[in-house]
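Let me begin by handing over the structure; questions about it come next.
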Amino acid sequence: MEMSAAELGELLNGEVIGDPSVRVHKLTKIEEGENGALSFLANPKYEAFAYETKASILIVNSDFEPQKDVQSTLIKVEDAYSSFASIMDKLVDRSAKTGRHVTAFVSPGAKVSEEAYIGPFCFIGEGAIIAAGVQLGAHISIGEGTIVGEHTKIEAGVKVYHDCEIGKNCVIHAGTVIGSDGFGFAPQTDGSFKKVPQLGKVIIEDEVEIGANVCIDRGTLGATRIARGVKLDNLIQVAHNVEIGANTVIAAQTGVSGSTKLGASCLIGGQVGFVGHISVAPGSKINAQSGVAKNIKQANKSWNGSPAFAFNDNLRSKVYFKRLPDLVRRIEDLEKELAKDQSNK
Amino acid sequence: MEMSAAELGELLNGEVIGDPSVRVHKLTKIEEGENGALSFLANPKYEAFAYETKASILIVNSDFEPQKDVQSTLIKVEDAYSSFASIMDKLVDRSAKTGRHVTAFVSPGAKVSEEAYIGPFCFIGEGAIIAAGVQLGAHISIGEGTIVGEHTKIEAGVKVYHDCEIGKNCVIHAGTVIGSDGFGFAPQTDGSFKKVPQLGKVIIEDEVEIGANVCIDRGTLGATRIARGVKLDNLIQVAHNVEIGANTVIAAQTGVSGSTKLGASCLIGGQVGFVGHISVAPGSKINAQSGVAKNIKQANKSWNGSPAFAFNDNLRSKVYFKRLPDLVRRIEDLEKELAKDQSNK
Amino acid sequence: MEMSAAELGELLNGEVIGDPSVRVHKLTKIEEGENGALSFLANPKYEAFAYETKASILIVNSDFEPQKDVQSTLIKVEDAYSSFASIMDKLVDRSAKTGRHVTAFVSPGAKVSEEAYIGPFCFIGEGAIIAAGVQLGAHISIGEGTIVGEHTKIEAGVKVYHDCEIGKNCVIHAGTVIGSDGFGFAPQTDGSFKKVPQLGKVIIEDEVEIGANVCIDRGTLGATRIARGVKLDNLIQVAHNVEIGANTVIAAQTGVSGSTKLGASCLIGGQVGFVGHISVAPGSKINAQSGVAKNIKQANKSWNGSPAFAFNDNLRSKVYFKRLPDLVRRIEDLEKELAKDQSNK
């Protein structure tokens, strides 16, 4: 990649402010900008770096008005982050491999497209179907009867159990487990627990991205379902028969208990917990570390706390929580004053 | 499977209400019931589905009195969930494989029963013992000197370090790590930390089920011990020298710090944290997201919050937490009233 | 190992109290002490065991003054834990293997030192560099262009993506993932999210220990960086472009969001969450289950709560949280008293 500010301005449909002939040949973060580098400013937290960066070109939002001198040539666009991401996108190696690594093992009854790539030490079980364009890294196990859709990329060490369905154009990161047994045990009279068989499966629709070391349990009956466009970060727990609606995004280390249904287009922070058997309305925003203990019926609201309630109300309670010692002092003062008044009568 | 309501009633020792000749050939969730399906109602949250389901037969608790018309033939039993689970149990494929996958590697000094199955790309270290009936999935590593007891099933990608002991009839799900070093470091005068060797092991007793991507560290000295019948969900952390009592059940993403001892028959929610070096009495129930910071001495009590205290007390405090803005207003009102009273004198 | 109390006293530069000729040949925990065993007492919580243990020799801190009879010969040292750890250290098997297991696959363009050991079913990608003394367990995948420094030990099933750098003398436990994509998606007008390419890498400096099933994402641009001497426990999430300062220690299940910078020598408890794009001053101590939502500017302070504030203030607020029902009662009493006073006028 080597481009001038003029060329970038045209490509991104942006306004060039400064020297249009300056050229860049690499991408950096704004705080690590250097001569010949293209960088960007989107998060206002980083504005100070705009006045210090040595990046030759800076992509900024159209409403950015420098408060000090900027050395870089600016390119003003509607959405600096998206524009920069589109340039990054041009640098991604999309060469797809085909064939099978010499160490891979494909069971005789599996159907693997000749246009798929099966990586080192992969194991593909009987009856599994691997579609065209699929890219499997090393040490992946695909269970019997499991289907992986076109152009899905699975990274090293992912384990998919039998009879699951993974859609097209998905990305699944290393170490993730899909289709493990749901956590279901029936208490016995002697205090022990008897395993409830987990006869369902996992269905992952198209365009889903799943982080590393995530766990998605199979349904007890029926399916655990991750709808189209969902994005899951690392170390997330998805229990049996959970359903996650389209385009919902969940940050790391969150857990969703059995049979809970999250609506579409929710934004869920990290380390959130959902109890089982509840429904969460579409567009819900849940703050990090919240605990959602009951149905959320109103769409597009923000929630916080454990147990979670309305975001702003929770913030207010947390402010007063911090001031509790002061409130107690005020109650004590009132008690003393009142006692004094009463004894004065 | 194909059975009539009459046959099911007899099998489950239940009372048939409706057409005893109706036949089922598949199992479904109540909300996905269809003609020819057997389903069940145990959780009252799902009662509404009983009046809508198209399942031909519904197993219900004996105290279930329909409030509206039900289309399904009912079978009333003492415990609908357990009865349904016992039917599911009949559908589980229990055919055990024997032998070694052609890609597996068994070290010459390991002892592997001819009645065990060693899956694709498994590695069995020197001196390891794999008993009869053991079923190993793909990509499993069993360290030197580790013992796996009869009929234990280990799923793909599990890593067991050296010199650990796993009992009989256990199930261990994919990606779980057993026997990693405990987290022990001695602070040095230069601010660095020196590793404390971890010379102990992990002992897992019989009938234990462990979820996916769980971590169980070995003891520093002596053993980390998971007693008979314990059930661990996914992504749980069990630190060095922890002991978990028989038949204790722990939900996903909970962490137990070093040397802590959980009694038998505890029920621990998800995302709970236990500090190190404490004891928790048998039968304790810990609510999800709680933080247990000190010994729990009374058995069979419920706890909640971070730090955790008695469940009902905690609920009450949480109710008032939500009302803190109102309480502050009341304190302000009192202050004004009192000031007014005093200035009126 | 077989040593007398006199020999141990000399080795540890300690004072022998009791029979200097008594000999030990094994190490145990104090509560499991037996004849012929060496044990230690460091945590005062365990003092009661000092009066019961059957360990022949007990290493104790120099300020330990027995309150009752002790059967063991005591060796008083400055730091009992460190001294005992140094004895444990002598028992560790440091024999380093060299060569390649017969099942390992090394890509032709990888550079693997003849003094390194490549374990069973390992895959080493093109252009990777494995230095002398490196010890790789089973089922490890080292991506293209990744560098592993001298004497680093990597346990079974670790997955390192392409173009990462791991320093010297590190230990990385089983199932850990290094270099997975950061969680970056640009919202599109149709409600879907477009993946932002993750073009950076992970740099792990020397002497770092990382637990099991940890996830460390690569930088979007630039690097995610784990500085020298950092110790990470199990199941930790480290997002893209995070920087963790030298000798910082983090307990299990903590998560650090994107671009956050933790200073050197911090002590972070388990299940802590850090929001993205913040800085935490060196020497900060963060209590377990805290949520750090903004910059911490003062070094060497303790923090607690979600959101976190000063440790002692937070403890005080938590005490009053527990007493909220009582505070409400006192407010009600005040209201009644005041109403009575006013109606009496």
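Letters A, B and C mark the chains in the order given here, with residues in each chain numbered from 1 onward.
As a convention for this text, a contact is a pair of C-beta atoms (placed from the backbone, for glycine too) under 8 Å apart; a residue touches a chain by one contact, two chains touch by 3 or more.
Given the structure is predicted, the values throughout are model-derived calculations rather than measurements.
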Overlap of the chain B and chain C neighbour lists contains A
Looking only at residue numbers at the chain A/chain C interface, is the share used by both copies over half or under half? Answer same or different.
different
Nearest whole angstrom, what separates the Cα centre of chain A from the Cα centre of chain C?
25
Multi-partner residues of chain A (each touching 2 or more other chains)
121, 139, 157, 175, 213, 235, 253, 271, 321, 327, 331, 334, 338, 341
Complex interface listing, chain A residues touching chain B
105, 121, 123, 139, 141, 143, 157, 159, 161, 175-177, 180-181, 183-186, 191-197, 199, 213, 215, 217, 220-222, 235, 237, 239, 241, 253, 255, 257, 271, 273, 275, 277, 291, 306-307, 309, 313, 316-317, 320-321, 327, 330-331, 334, 337-338, 341
Touching chain B in the complex, chain C uses residues 27-29, 32, 43, 45, 79, 81-82, 85, 88-89, 91-92, 101-103, 119-121, 137-139, 155-157, 171, 173-175, 207, 209, 211-213, 229, 231, 233-235, 246-247, 249, 251-253, 264-265, 270-271, 288-289, 318, 321-322, 324-325, 327-328, 331, 334-335, 338, 341-342
